[in-house]
Amino acid sequence: MSKKTVLLTGFEPFNKETINPAWEAVRALDGWSEEGFTVAARQLPCVFVLANEVMARAIEELNPSIVIAVGQAGGRCDLSVERVAINIDDAPILDNQQQQLVDQAVVEGGPAAYFSTLPVKAIARELRAAGLPASVSQTAGTFVCNHVFYGLMHVAAERMERGGVAPMRAGFIHIPYLPRQAAAHPGAPSMALADMVEGLRVAVRTALEVESDVRYAGGATH
Amino acid sequence: MSKKTVLLTGFEPFNKETINPAWEAVRALDGWSEEGFTVAARQLPCVFVLANEVMARAIEELNPSIVIAVGQAGGRCDLSVERVAINIDDAPILDNQQQQLVDQAVVEGGPAAYFSTLPVKAIARELRAAGLPASVSQTAGTFVCNHVFYGLMHVAAERMERGGVAPMRAGFIHIPYLPRQAAAHPGAPSMALADMVEGLRVAVRTALEVESDVRYAGGATH
Amino acid sequence: MSKKTVLLTGFEPFNKETINPAWEAVRALDGWSEEGFTVAARQLPCVFVLANEVMARAIEELNPSIVIAVGQAGGRCDLSVERVAINIDDAPILDNQQQQLVDQAVVEGGPAAYFSTLPVKAIARELRAAGLPASVSQTAGTFVCNHVFYGLMHVAAERMERGGVAPMRAGFIHIPYLPRQAAAHPGAPSMALADMVEGLRVAVRTALEVESDVRYAGGATH
Amino acid sequence: MSKKTVLLTGFEPFNKETINPAWEAVRALDGWSEEGFTVAARQLPCVFVLANEVMARAIEELNPSIVIAVGQAGGRCDLSVERVAINIDDAPILDNQQQQLVDQAVVEGGPAAYFSTLPVKAIARELRAAGLPASVSQTAGTFVCNHVFYGLMHVAAERMERGGVAPMRAGFIHIPYLPRQAAAHPGAPSMALADMVEGLRVAVRTALEVESDVRYAGGATH
């Protein structure tokens, strides 16, 4: 039996940063292979009109069983497993092609939102069990991260409708600044690259092993 | 021509509070009437299995043109105009009937999310123009507030499908603690009741007057 | 018997603001008079090299029993009764004469710090009892607010040493942005002017009435 | 010529934690030795009435040239080089002997505060240059950390007055939670132990090498 493929994506640097922890973390796992799976890492441009195309091509090429898109969330303190992608682009800053999409759909006519099909609660729990700060997040924002998350889930939904391909679980994880970035952002939390990489290992394993997500209170009052 | 009805709802106190700013603010506007509209205020129980029923009955009774549900967001600092309701209950705390729904749909089989049909950007802009701190929020959480917001939008969608009723715009606004509440929550921001009431006046007027929402960057990078 | 004089000071606007809540709040109390006391309000320039001179002249002129200097703390959520002034100027921004003092003493040769001689714990408690968010703060920063606080306490200490004058209690209270300011600072808490004014009334009364400060845990672990 | 001794202290776990990053970080450097210096690490009890005694004995025993006391600041995101210790104990929580000192002096009759004699600005700058988030902090709180910081500076001042001993530079650095601690404190930032240890190396070297502190704006408006 052939191995499963796990696709991890990370963005190029954006918003004046010279490094993106998401790309650093996923590329560290490129080629990671165990008995049942192999990981492939791909970089995504931080560009609204390109990112989802690059993602779609990677999915077509690799036919992955699991896709975890990873993005930098400067200001967050933990590994945030995103629960839901919403069908809106509303960019507070310019993307890397100097575009700023405002109040328009990610996919015209698409559903208002997609839920992650990763076991988000199980991943957050396993991350904490591994000694890593983690939570389930109720919003991935409205910038390129959410755009890619929504686009990814839309592709996954289309593949499922079309049939003829193996089912694909997909979702998004936000990660903090690296310490070297936070050194230039007073008051911003950070996380060591090694912990991010370890966290993604945990997420990949959990996504492969946990069929039905666990249930435990993990939401937000507001 | 008959006046339009604007329905404002606010919750009863919850989570050990003895007052709920949402109810205090909306009841201050009960009966507010101008040439084109009259406001009716209703209290909702902070109970998963009851709140949406009370809301649905109020809508049936009043046949409102606008519904704005208002809820307390302890810890937030401004009037948060919610953009999207998601189809998930995941309660970090008990509701007022000691129930804690975890990881289940608000409406089984319903869409993953509904967007507010209020002009959220226009409302946020007008609030700030009136000297009140305000923003568009990308998440209403996963507790009873989101539950009611989702339930409200679901009713609105069903009425539109069914036809035969006037169109209804609906949405949700989160408001901070009152100062007297914040006095017991070190580090929590607050807002004076008079400013909340004034803010809801602005929101009602804007919802009545602005047909198509304005567009300006107001989202979040994550 | 002559009435006691209470001197309240507030700064002019600084850091690109067009209004300063501290001045708005104290000037609302100018001339407030009860059986035992009268309040005089004075505006201070937000200028390192001038502010303490204006303060010293006001003290000489008015011979107050109580001095409460009030300053804007944009980003704080409550009425912060400052505990201690430190002998250092270290300005992260320019003052209103475009000066930026860095790492120099407020008073060359002065003690490292002065504690407030107001009953800070009693004031914080009375504020909360009045339904206003309040706390005792361990740092007044290192900008013009701390500079004035230190300068004020230094004058008070010198007067006590010199003798021949009535004892003078003095201290500093930081207050949040006004709502209209916070409307332009996303994420910043605010407080209504009426609540600030009411808070200062409580502080003045408590400073006049409470001889020995109350003791209760109100510090910070770090 | 004999080597200089650098004393690093860290606390035992407190406040229900089972680990203290400060002790973990300093003990990793115990015995670290270079051409001009050797590091000795000592653990301090998180007990008001014991900690300064243990510190004083260690200083007597080791006669260090540099003392850096290190403490956990759960909730802070960076390496905080403390600027000033104040003469007040005001404990929001119990210490490890179930004592809670409230509003009393650390040293009866001592000065209101002591400034760190470490080159705090240089240390913060070098830490950031090494890619580590760092800042100068204006308050070490009013719990055992500030108590030890004040006690340490008091001992240093007494030694200088007494004469006959080599001059001793001393100060305090607060550090964040470890990731494994933050995993149990939703919303709390953390830092990897390796980065804390590296940060303390930088601090030790800078304290040994930089005679007069550098000046650059690094304070706080409030």
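Letters A, B, C and D mark the chains as written, and numbering starts fresh at 1 in each.
The definition used in the following text is that a residue touches a chain if its C-beta (ideal position, glycine included) is under 8 Å from a C-beta of that chain, and two chains touch if they have at least 3 such contacts.
Because the structure is a prediction, the values reported are computed rather than measured.
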item: Chain of greatest Cα-centre distance to chain D; value: B
item: Computed distance of Cα centres, chain D from chain B, in Å; value: 48
item: Distance from the mean Cα position of chain C to that of chain B, given in whole angstrom; value: 39
item: Chain C and chain D, separation of their C-alpha mean positions in angstrom; value: 30
item: Where chain B touches two or more other chains at once, by residue number; value: none
item: Chain-level touch network, classified as line, ring, star, complete or other; value: ring
item: Pairwise chain contacts, counting only pairs that touch as defined; value: A-B, A-D, B-C, C-D
item: Residues of chain A that touch chain B when the two form their complex; value: 15, 71-76, 83-84, 86-93, 100, 102-103, 111-115, 121, 136, 138-143, 145, 174, 213, 215-222
item: In the complex, chain D residues that touch chain A; value: 77-78, 127-128, 131-135, 179-180, 182-192, 194-195
